[in-house]
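Can you keep this structure in mind? I'll have questions shortly.
Which chain is which? They are A, B, C and D, in the order written, and residues in each are numbered from 1.
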Amino acid sequence: MRKKLKNKWDILKQKIYIVIYGSNTFAGKLFDLVLLAVILLSVLLVMLESIESFDMKHHISLKVCEWIITVFFTIEYILRILCNKKPLKYVFSFYGIVDLISILPMYLSFFVADAQVLTVVRALRLLRLFGILNLVPYIGQESHLKLAIKASRTKIIVFVYFVLVVSIILGALMYVIEGKDNGFTSIPRSIYWCIVTLTTVGYGDIAPQTIQGQMIASFIMIMGYGIIAVPTGIVTAEFSNIKRNRLDARKRRNCPSCTTTIYDEDANYCYNCGQKLGDVFKK
Amino acid sequence: MRKKLKNKWDILKQKIYIVIYGSNTFAGKLFDLVLLAVILLSVLLVMLESIESFDMKHHISLKVCEWIITVFFTIEYILRILCNKKPLKYVFSFYGIVDLISILPMYLSFFVADAQVLTVVRALRLLRLFGILNLVPYIGQESHLKLAIKASRTKIIVFVYFVLVVSIILGALMYVIEGKDNGFTSIPRSIYWCIVTLTTVGYGDIAPQTIQGQMIASFIMIMGYGIIAVPTGIVTAEFSNIKRNRLDARKRRNCPSCTTTIYDEDANYCYNCGQKLGDVFKK
Amino acid sequence: MRKKLKNKWDILKQKIYIVIYGSNTFAGKLFDLVLLAVILLSVLLVMLESIESFDMKHHISLKVCEWIITVFFTIEYILRILCNKKPLKYVFSFYGIVDLISILPMYLSFFVADAQVLTVVRALRLLRLFGILNLVPYIGQESHLKLAIKASRTKIIVFVYFVLVVSIILGALMYVIEGKDNGFTSIPRSIYWCIVTLTTVGYGDIAPQTIQGQMIASFIMIMGYGIIAVPTGIVTAEFSNIKRNRLDARKRRNCPSCTTTIYDEDANYCYNCGQKLGDVFKK
Amino acid sequence: MRKKLKNKWDILKQKIYIVIYGSNTFAGKLFDLVLLAVILLSVLLVMLESIESFDMKHHISLKVCEWIITVFFTIEYILRILCNKKPLKYVFSFYGIVDLISILPMYLSFFVADAQVLTVVRALRLLRLFGILNLVPYIGQESHLKLAIKASRTKIIVFVYFVLVVSIILGALMYVIEGKDNGFTSIPRSIYWCIVTLTTVGYGDIAPQTIQGQMIASFIMIMGYGIIAVPTGIVTAEFSNIKRNRLDARKRRNCPSCTTTIYDEDANYCYNCGQKLGDVFKK
């Protein structure tokens, strides 16, 4: 009798699993879309709440929605754990943690005042959209993007590190030149200014006043204007490189008898062993 | 008798069609230039009107010009419909709609107050200039530009989507860190700030004040400085790719007997069937 | 007797010509360096004069220097005309006009008050430095830079035109949305703002205040962030293209007997006519 | 007896040398890490000191740390000199000077007031990190980065020079147009503004107010937006160029008998002397 129940439960679990994790069945697709909608809604909600004037007016209704969504997320979270073969693996996976901390704040808000502010972490759930919208091929392991970034990772890190060191040195310099009176009140602050300038963001909340300061600033700007070419150059080179390899790979085929690689799309005979090449190898 | 008239009318229609839609005849060219001038004038007019001080002085003359142009556009619009074989196709085409809404506001201004402000939509007519100035080859379906953008469309969309998600997450974070007192009055606002920073625009109307805020801002800036390399890399790779293909295509020719594609510019015999290749195939 | 004088004069003219226009002789080099120094000095002078506090102190000395330089330039100008075979060609050449208008203001300052401000045009003489410093190969007709820019000229123009049209349309839109109260006092001004935003400059003197305005601004920024990839892509593609061609060209050589082009650096025999290829053709 | 001592000393010297300059032994690695930590700490310290509020609170403890670090650096400096075969070479090397001036200020602070501010030069010691973290391969002589920058050095310099000349000319122009009342108080200042604009930094501390000024500014921005493509194009082209060469180089191998270079990965026979090529040459 219990065995029977257990069995039923297992079947149910599998059903749920397919719905939640799969996206081939109709139910699966539907669930994904609903989840997508709810996540977007939840993020929208957090935004609206943060707008004081709006929060004043619709405080109650916002709260209600908040709770509905929280409950929905909670159920989803529990189901994900229950129907998963390896629950722990999910719980301690990135998404598992995100899912958890995106529901906790509301429950915490009972005990801790304004813990609710933490609901913003929910924004992280937006990352699920990449999965739901099948964007993974474009950002996943195999994508040009990933490959290019991977290939130029170290170069980029060195570049960033270089930018930081330069910023610290020049920031310190500007602190000495401009001094506290012109807004460069501390070295960290003038380093911050230096990054703002080097990256061509240029808020203008801090700006050099002295002639020497402006000369160094000009130098930093032109430098920043120039070195933006470096990461671009690196990534672009990697991109075209990957692209080229892909193209070559597509053209390449092997001789059936001597397995030589043949690059010439239109060759009829293997230039190595003279074996006739069938069109089956062509695309 | 009526038949004759009808006939005359048909001939006239065709004449008008050639003038308005064609640009080979002298009349057609002239019409294009006039239209070009009037469109530019109309946009200029809208601009001038929007400058209060100027509007005060020359209110009447501006109004008059407005009406002259509106009438001109109205006539043009009617003629375009009349002389077109498929009037509806034009009416519901993008340009058809633009042409319509660029004349409506003036007529509306009788009934609705300050509907005239809508005359700005006329700016959209500037898009016609691409057609008039024969710039289509540079932005049209076949252009490198279009092809490159097309080829990297999805990548760019994913990129933009990524930027948005990052902005939302970091925006929310900054809202918690900086808080209402430092200008980050709401999450949407700090998302706006985050986009301003990530794109290296940096208005400075909102700027982080706390040390932590400035550290995150620095991180965002350097990130933004780095990821600008991504779209550039994508587009550039596509560009050079298209360019290369085009070049290869130009070199390529086919064997007269077995129609194999031959890539080698200087080959004298088809490497496939041994057919002698005449120089006629070379360029 | 006069003939003799005339002759002397001709020889002198030629001597001067070599000194002024040539840069192979010692005198020529010296003259170039002196000119270089004086031009830089003159520009520096104009800058210093514009600094009120500094001008107060050293008004006289500045004036004196001004006049010395003006006289020097005047003499140079006259000599350039005298010793030139085609004086008019020089006078109406770009440099000729620049040289003239860089001395006129001082003389005008007798009759017209504060005509002296126009001495700033002297800055244009800095362009001569490209010539003096032999930078022409890097920016001249034959340079990669020139070629790449030339090849992508039309594309860039279309791009700029596109940016302008977009700016006008979006500027007009922002004018309607934000309105006079938020700094978008007129359409030209909001077009200006739009360009400031689209080019990621972002002064912040004008910034959207309304939510809708900020949303459109965000859209413009991300767009601007994305389309910066386009000119970069174009120019880069041209660059690598030119580079590739140059490299290929360097490797290429022709068979002495059948004049076939041979791309393989290391080939010993012409693959077309079997002619032995001497190393003389290799570099 | 003394000889023995001398000998001992030599051995010790060598030991120290290995520890300080080498990084293969455990002691060497440890020393590097400690040095790394201390340098970071020292820089952090200088930053904290510059934050007035913080300095107020922990003045004494900061001073103490300062002295500990200074002593540590002093000892390191002395040891580096002692155990080095060519002490002078080190002393007058870049790092040698940096190491010296990074300890001097503290000692100077006895005699000169607020000489301590100069401790910021210590930031330069951060450059040692490139060495410690083995980042040299990425920025060293052989790196793609160095090569690409080297190859495009002159082009970049010309580019920067061009930007400067343009800035001076346009800056002078803006000074005339906008005048002292709109913040363009002097030509150097409006040149500064022009660089700020051209590099798309755009602080907004100075911004054009007149229509003409804004039109020129718009022109400068779009130009700046366009010419950023130039350095990027240059560097990228160099990058992909170097990359391509590297790849080709990897494929290349030499014929064992006639040492001809063979580019074809799959060739079995030397196309030059007919020598059979073993797979040993393939990778």
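Observations on the model:
Assume a residue touches a chain if its C-beta (ideal position, glycine included) is under 8 Å from a C-beta of that chain, and two chains touch if they have at least 3 such contacts.
Which chain is which protein? Per UniProt: A, B, C, D = Ion transporter.
From a predicted model like this one, the values you see are computed outputs, not experimental measurements.
Between A-D and B-D, more C-beta contact pairs are found at A-D. The chain with its C-alpha centre at the largest distance from the centre of subunit A (Ion transporter) is C.
Rounded to a multiple of 5, the Cα-based rotation taking subunit B (Ion transporter) onto subunit C (Ion transporter) is 90 degrees. Measuring from the averaged C-alpha position of subunit A (Ion transporter) to that of subunit D (Ion transporter) gives a distance of 30 Å. Distance from the subunit B (Ion transporter) centre to the subunit D (Ion transporter) centre is 42 Å, each centre being the mean of its Cα atoms. For subunit A (Ion transporter), residues touching at least two other chains, in rising order: 188, 191, 200-204, 228, 232, 234, 236, 240. Against subunit C (Ion transporter), in their complex, subunit D (Ion transporter) makes its touches with residues 154-155, 158, 161-162, 165, 168-169, 172-173, 175-176, 180, 185-188, 191, 197, 200-204, 207, 211, 214-215, 217-218, 221-222, 224-226, 228-230, 232-234, 236-237, 240-241, 260-261, 271-272.
Interface of subunit C (Ion transporter) with subunit A (Ion transporter) (complex): residues 200-204, 232, 236, 240.
Here subunit C (Ion transporter) touches subunit D (Ion transporter) in the complex through residues 43, 46-47, 50-52, 117-118, 120-121, 123-124, 126-127, 129, 135, 138-139, 144-145, 148-149, 156, 159-160, 163-164, 188-189, 191-192, 195-196, 198-205, 228, 231-232, 234-236, 238-240, 243, 247, 265-268, going by the rule given at the top.
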